[in-house]
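Presented below are the structures under discussion, each in the form of structure tokens.
Common to both upcoming complexes is subunit A, partnered first by subunit B, then by subunit C.
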Partner chain A sequence: MSQLYLRRVVALWFGAVFALVGVPLWYKLTTIYRAPLPGTYISSLRENMHSDVHLVVPVYVRSDTYKFPDVHEAIQLQADALLQSKPRAVNWSLQILQAEKNQVLDPESDYVLTLTLDDFTGYSIAYDSKETIVFFDDTAVVSNDIPFFAAQTLIEHTFGTEWTHLSLDSSDQNDQGNRGLGKSSEMAISYAPKVHLSLSLLTGDGRPVAWNIESTLNQYFTPLRQFLSPLINFTVDTSILHFNDLNLGSLHDIQDPSWQDLAHSIDLSELSSLNHYREKNAINLAIVFPSPEAGQLGFVNATEDRPWQSFMVPQWGALVVNKEALPDNSRLTQDYLAPVIYSFACELFQFLGLSNEKADLSTPYITIDSFKRVTTLKNLEHGIETMWSLIKLTDQFPQMAVPKQVLSDVEQAISLRLKAVELLNDPKRGDEATWNEALHLSNSFVEVCERAFFHKEMVQQNFFPQEHKIAVYLPFLGPIFVIILTGLLKTLRENNDDDEDEVEEKQVKISDSPADETEQLDEKTHDSSLTKE
Partner chain B sequence: MRFESLCVWAFAAFAFGVGGNSIDDELIIPDETESAGSGDQTCSIFGTSASSQENIEMEQLNTSSIEENVNARTSSEIENAGIVLFENNSIVRYPFDEELTLKPLPRNFMLASFAFQMQSNNLTVGKSEVSHDAYRHYTVFPKSLSPILEYSQTRELHLRFTHGRWDAESWGQLPHNGTKSGGSGVELWAVIEAASRDEAFENWIMLTNSLSGLFCSSINFINMEKTTYPVHSFQSSDQQPIPIFDTSKKAYLLRAALANEPICTENLTPFLKLLPTRGRSGISSLLDGHKVFDSNWHSLSMDVETVCDGDTCQYHMDANIEMVFNVQNSLARAENPIPKPLGDAELQCDESKPHNAWECFPLPQSKHIKFRLSELFGKKVVGSNLISENPSKVCAQVSDSWTVYLDIGDSLFSTDDNCFAIRDNELHDLHFQSDDTAHVVKSDDVPLFVSRSLTGYGQDGGGLRAVFRNPNNVTVDAIYFESLPWYMRLYLSSLEIESEDGLEIGDVIKSTFYLPAIDRQRPTHLEFNISIPAHTTVALSYQFSKALLKYAEYPPDANHGFEIESALITVLRPIRSEMRTATLLLSLSTPDFSMPYNVIILTSTVMGLAFGTLFNLMVKKLVTVEEADRKAAAKRSIKAQLIEYLARLKTNGNKTNQEKKRQ
Partner chain C sequence: MRLVSFLSLFLAFFTLQFATADPSHTNNWAVLVCTSRFWFNYRHMANVLSMYRTVKRLGIPDSQIILMLSDDVACNSRNLFPGSVFNNQDRALDLYGESVEVDYKGYEVTVENFIRLLTDRWGEEQPKSKRLLTDENSNIFIYMTGHGGADFLKFQDAEEIASQDIADAFAQMHEKKRYNEIFFMIDTCQANTMYSKFYSPNVLAVGSSKLDESSYSHHSDVEVGVAVIDRFTYYTLDFMENIAKNSSLSLQDLFDSYTFEKVHSHVGVRTDLYKRDPSEVLVTDFFGSVKHIVKDTHNQENDFRAFYGSTDGQDNYAEHIVNLAIDKSKNSPSESPKVASVGKANLMKSEKSVVTFDKSKGNNMWTAAVPFSLLIAAFALAMGTKGQKNV
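== the complex of A and B ==
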């Protein structure tokens, strides 16, 4: 009895060690490392996008003629009320501050609202600073309309970009789940701090051409680059390509091609491929001259001063198509190039998403500043979407490795986001440097998020199938498991068998001689025969 | 309207904002009434206002060195109220040159060599690309190549795609003395500016990856274990110093080769795209993948050098495409794309030997030949390139027994030196005629013949043997460069020399550079300075052992063997020339790749057996033999039970019979 007990204990121990130590150990040693990513935090960020953002822009009020001691409070109330009237994707408000005594306001850095007495009521936004001037007359003072005027001017005009971009459209209101910012126009490329510009002069034949591009760019384009540099830095190259008319020659005999004809014929492959830009995005300008063999392009709406027509290709760039082929040995002069570059610059704002046809850039300082804030917010949204995709991906592929580097990137991204949000929320800071820094932080946030998502090891490990592990370990684990299991079952079942054995043994001991047994048997058979009878 | 006012603002910002230093200075914006109100000022106004500034701008227009030779010419300007959109009072020319040389070789072979030269615009050295007035301009130099060179800090780039065998015994010296052709496969070397060797290697990897994408080739397979840093070989022949843009950095020479890498049409197409003519005009219009790669030997080469003159630097690029083909075969192929046996009427049999419809000894190939270039290449030259100062040129290097004509629109022309300038847009063809094809212009003598082979047998070792033969009257000084993969473990101590003239190692090898391999990190790098006396043959041989690879390091087709890149011989004296040996095919011991799994299964079985025995010993009940016997006896076996049952049936049957009888 005690021996059976001991054997059972041994078998149980083997089983227990196998199941409780061996299997977990094997599992632990053969599983891939998955860094614990803050999944819930990120999904909650995504669900309540911008919930912790409350963009506050300080605006200083000054009055030239009258002293209004409480006008900033009144404007603040009106502005808040106006902002409340429209649902917003992102919380934002203005912080109306009174210029303190002896404080010198710098309208190039801070938003300044100047109240000026005049014969009429109206407003004016400066084009070279961030100053808004509200004109009022005495009747307005009497009827106490100034705060409302001022609030309306600020919100609907000075901060018009925010007012349109950060508000929810009425059509979006039902879609409360995804309170994202509106999509930018189809024309615009996605925002990146560095953008490549590629200007090409294409001719359909091999005759030499030249252009005064260097002087034209220096004169007309350098100032634009400087002006946009806080927001976007450009790298620019120019090239002359022969024997490439983007397949426009095939359209020469069509008088009035439709958009489809044009879109289907144009072959941009050679301009788009084989380029080694470091920048993520590129905008192209292609000035195309047909070859003389192809003849003039009838569909181009050209004048004598302006023998070309400009077309925009969404997210690619502008095409300047010339009606006539170039004469021999031509050099494009600045007279030709300046309007082209100018038209391209107008289109460039659309490609960058700075304006669509509705918006105007008569107040560049304010628009660019607003654009910085909107871009910052869009960047934050974009980064969170990227991180959420990362979380979704890791959830979907449980055997995918998540390296430590990804975790540290995600952590860095979250801290960058918090820093950017802190800057945006700070009601005391609203000068140009603040918005630049917030934009800069949000750019690095997007970059870090994408670095985390596109980690090399993570994607590679996904292609290592789980079956390999089983194939390699099954020849070892299979036999051992079977041996232990059958051994254990046998010792457990041995109980009954042994009892029977022991009973039999007793019976054997009772009936000592085999003769008795036969007698008994005979008796039994005899009995049965009797009963049958 | 508002959009237009935007444009007006933008224009104003550009037009007036020149020369300012800060943002604020140049943003002189038209006064507000204009920007807000008069939106009908559209873009066309711009032209006139810009033209008022034209005089000033024209002075600033500096004729950059790229557009050479600005000749005054009668101007036919489109004058329209003072606006000049196109000027054509000067001839526009770009630094581009192309030339095709055709040279008949003995035994009906012909060498066609396409040479292209181009220069880039001036480089902006030491200026950030993001700075506001930094613009990069590309004209004839390929735009796709320039950024790669800049990002990877490459000052010199040499790329070779070569395939086939150059028959030096019969064809003589390689074209350009061998400096424009590589070993079979892909060969790449570059001079890279970097602060350290690691940085240089990083740039090198960036360069190889970019070139790989550009040329649709496997250049990205170049890694640490294929890269060497040559010491004496691969030095540029011209004595110009390599320009260093950042004086704190140094120039590093890196080199790697992919032995016997297939060269195909997809390498040629990007090559042609680099040319400003794009294969559409000039001599490059002849180039077609089918013809180039149907040749016995072909080589595509590209050399880019940075040339600085003071502060202005330019890239100079030489691109060469060379091929050797058999004229008779090419003509036959052009006539009959699918080879068919000739009909018996067309057979040219040797009449001095028995011949009938079933038996024919063919005559030797005729020495008379007459063919056109368009028959060989399948097309004619489509005009000249129009952008270059010099028209495209086609030259034939032939002996007296050949006559060459240029065919333009069915009229034939000839020149004394057999060099023809291609003009304008017309189709050009070349006629070749010869009454003795064996009589060709003698090629330069080959200074040294080299061949290399693998010796030995077996899976664990082997030897390399390089034979040098100097057929000339002067001693030849050369550098022998060899880069061997780490799995060939070289024993330099086994270096032996075989020479019929009793030369010792010291007589031939003047100095040695040897960098042993490190497994999976560095190849063996060997450079010998050798000197072979006149009219001698010398064989150098050394032994190596073959390393075992990890199973993942074998290529998919492990049984094919491993390609060993060619060795380079740079002849320094009497003339500077280069030549390469053929590549070698090394077979390594190849494992049975199912073995690891077999081993796993076998080991697991043994472990399972051992464990099972041990486990059973501890868990199963131990009984003595007697006990076991008794138990066996006690337990009625199935057999016993069956016998008993049958016995019982029998007795029962007997009983019933008896009862029946009684009844």
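== the complex of A and C ==
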């Protein structure tokens, strides 16, 4: 009796450990951790893109000649009316403020609108500051035209970039899928806060050549780098490559090559070594001299001052192709290199998406500032799209792990976005530092979103068919499960069999015991009497 | 009859749609994967190295080629030609001869690494050269070879990738806009099953053999002692050798070149996910890297004027972004002379930069605006206060 009990207890313990410890442990160890991402919030952000953004740019009005005490209010009304006339992808408006007495305005930091009396009406946007001057004559004052002129100038010209980029075209309205802020040109690289610049001097032969690139860059390019630093930080490297004229020698017979001729002949593969740099994007500038053997390059449209012609490769960089080969032991001086840098600077603005094909950069200060705002908004859009993709993929692949780090990144991203939006919406802040900070926050936002999306642990073989699961688990769990189950069943079944065995055992016991002999005899008699009956 | 004409019109319409699809891409990438190990699989290494040579010849730089070689037959002790790999018994071309940059070698070629590569999910330590840094303007050519079966491809004799895995990886790439178009080519037994599960758009796929069909090797080299190339890859390369950067041959020409007599299996092409008609897609759209090189049309005379102006002094000062930057760097912001008090405008007025209003336009708009100005004012104020509340 005690043995059976013991066996049963042991079997039950095995079963209990298997069921209560083993199964939960197995479940715990094989369950994929999926952090709860705020999917509803992100999808509502995406559906109502920029709905919580109302970009407000303060503009200070000052008047040189006349005092207009309420002109800012009138301009505000006109500006608002003009903005309302066109549907916008993002809410934005101007906050027209009257410059207070003795208030020092810095046109390099704040937007300043100056009203100047002249003998004609017109406007001028400063090249080196954020000042807009509206000229008016006495007739305009009499007919009360100034507020309208000022509003029109501000919105269509000073804030022309916003006016174009943040408005919805009629074609966009019909296309529900195209809700973005507009695609940049073919030439422009995608925006990144850090860009690498690779400058190379290539010669078709191995003759020694040198260039004063460092002093030229220090004098002409470093100021530009610093000027653009709030928007984009550049890292620069320079190199000289011998025996590489990008295969231009093969073109020396052709007078007017088409882009296909150039594209099929020029071999940029050796220069496209993007992966040596940490930065995501790189822009190249290659100054190429043919080898003397290849001879003059007929297609290069060179002038007396300019012995080279510049070509542009979309999202790659610029090629400065020289007509003549370099003489022996040449050194390229600043006189040669500086104009190249001047020309490249204009191209650089195209590669960065700051100017169009004609390199129209008449108002760099304002263009760069507007670019910051548009980029901030594009970044916000881009980050939300990334988070939305993350949510979609985690829903689509239930086998994919979602680590805690991803959740914390998403939370951080959301808070960064709110900070950036708060900054953009603040009507009292609108100096250069504000836009820089907003851009910086939006860059961090994009970075955190990308980090969340590309988390290292969110990869595995997503597809794991049922038969594979059986193939993996059966050899391991099969034997243990079968032994425990059958063992348990056996001990439970032993119940009836053991009772019979026990009776038999008892009988055998009795027959073997001399002490119970009489009793045994009595029973036998009783049995025989029964048999007799 | 009507039905026929309707159908032909319908077809013509769709052909037109395909022809006008945007083929723009600015960079090309290639992912070349050999998944099998061991000396007797020499031909798989040769397949991949031949493809590597072809895409490099057509201009894809090494930084944009991801080469995964699961074994190093060039240095195998059984190789009678150490350091060389040949894809033909004439041994005319040493595929290992020039600089070959192998990104993933030996036991690094795993299913996990392949999926990581496609989805770009790596730790901080992963170097850029071993990552597929594509964007929405990238065309990607993916070539895989090894031993496979229905819906799987073996990696290293140890694990396998399912067709669904690749399909899901492509879906993730599409979701994150990591490609413009993908051309997927696979040479393995039952290869066509490997692209059967794809569901992401803009993917064109070709496989060497259909379900329950083997892919075969082309020929053996007596001295190497094993087969040196597979049939499907051999005839692909046969076609590719006629392609130069300026070739106008299309992918349809490539597909038409495969016949059962040559390949000894049924080559399959999947085009339903692909927007364009393969007969309008250049082979170099995937196998090469053709850059759109244009002449710079901006006014370079102005650059020269600006440069000489800056050296001559302020008399000939020309407006140029470099000059502006130099000026700004000379005046640190705190000492800027541009800081002016109200009422004392610091003008930089040049005749060129002044724009005169078009009076007629302005007046018209103004007269139209006057009667509504009060209404608009009230509306704008209401909107303004509403907007502020929302904020």
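To be clear about the criterion, the second predicted complex is superposed on the first by the 421 of 533 C-alpha atoms of A that agree within 3 Å, B and C clash if a C-alpha of one lies under 4 Å from a C-alpha of the other, contacts with A are read in each partner's own complex, and residues count from 1 in each chain.
Note that a residue touches a chain if its C-beta (ideal position, glycine included) is under 8 Å from a C-beta of that chain, and two chains touch if they have at least 3 such contacts.
Bear in mind that the values here come from a model prediction, so they are computed numbers and not experimental data.
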>> Output check: A:Trp259 vs subunit B and subunit C. Expected answer is one of first, second, both, neither. What do you get?
In response: second
> For A:Gln226, is the partner it touches subunit B (first), subunit C (second), both, or none of the two (neither)?
Replying inline: both
>> If we overlay the two complexes on their shared chain A, which of subunit B and subunit C does A:Ser215 touch? Say first, second, both or neither.
In response: first
>> Looking at A:Arg7 after the superposition, I want to know if it touches subunit B, subunit C, both of them or none. Which is it: first, second, both, neither?
In response: first
> So, A:Val104: does it touch subunit B (first), subunit C (second), both, or neither?
Replying inline: second
>> Tell me the contact category for A:Phe349 with respect to subunit B and subunit C: first, second, both or neither.
In response: both
> For A:Asn329, is the partner it touches subunit B (first), subunit C (second), both, or none of the two (neither)?
Replying inline: first
> Which partner does A:Tyr127 reach: the first (subunit B), the second (subunit C), both, or neither?
Replying inline: both
>> Contacts for A:Asp119 in the overlay, against subunit B (first) and subunit C (second): which applies, first, second, both or neither?
In response: neither
> Which parts of subunit A are in contact with subunit B and also with subunit C?
Replying inline: 108, 124, 127-128, 219-224, 226-227, 270, 274-278, 305-306, 338-339, 341-343, 345-346, 349, 357-359, 361-362, 364
>> Touching residues of subunit C toward subunit A in the complex: what are they?
In response: 24, 26-27, 56, 59-64, 111-112, 115-116, 119-123, 127-129, 131, 133, 135, 137, 161-162, 164-165, 168, 171-172, 175-176, 244-246, 289-300, 303-304, 306-307, 319-322, 324-329, 333, 336, 338-343, 345-349, 353-357, 359, 362-363, 365-366, 369, 372-373, 376-377, 379-380, 383-384, 387-388, 390-391
> Which part of subunit B faces subunit A closely enough to touch in the complex?
Replying inline: 2-3, 5-7, 9-11, 13-15, 17-18, 20, 23-24, 26-27, 29, 32, 35-36, 43-44, 46-47, 50-51, 53-54, 57, 60-61, 64, 67, 73, 76, 80, 83-88, 90-94, 129-130, 132-139, 143-144, 147-148, 151, 210, 214, 270, 273, 276-278, 280-282, 383, 385-387, 597, 600-601, 603-605, 607-608, 611-612, 615-616, 618-621, 631, 634-635, 648, 651, 655, 659
> Which residues of subunit A touch subunit C in their complex?
Replying inline: 52, 54, 62-64, 76-78, 80-81, 84, 91, 93, 99-108, 114, 116, 120-129, 131, 133, 135, 143, 145, 148-149, 152, 157, 186, 190, 219-224, 226-228, 259-260, 262-270, 272-278, 280, 305-306, 309-316, 318-319, 338-339, 341-343, 345-347, 349-350, 357-359, 361-362, 364, 386, 389, 392-393, 396-397, 425, 427, 453-456, 458-463, 465
>> Per the contact definition, I'd like the list of subunit A residues that touch subunit B in the complex.
In response: 3-4, 7, 10-11, 14, 108, 124, 127-128, 194, 206-210, 212-215, 217-227, 229, 233-240, 242-244, 270, 274-278, 303-307, 326-336, 338-339, 341-343, 345-346, 349, 355, 357-362, 364, 471-472, 475-476, 479-480, 483-484, 487-488, 490-491, 494, 501, 504-505, 508, 525, 529, 533
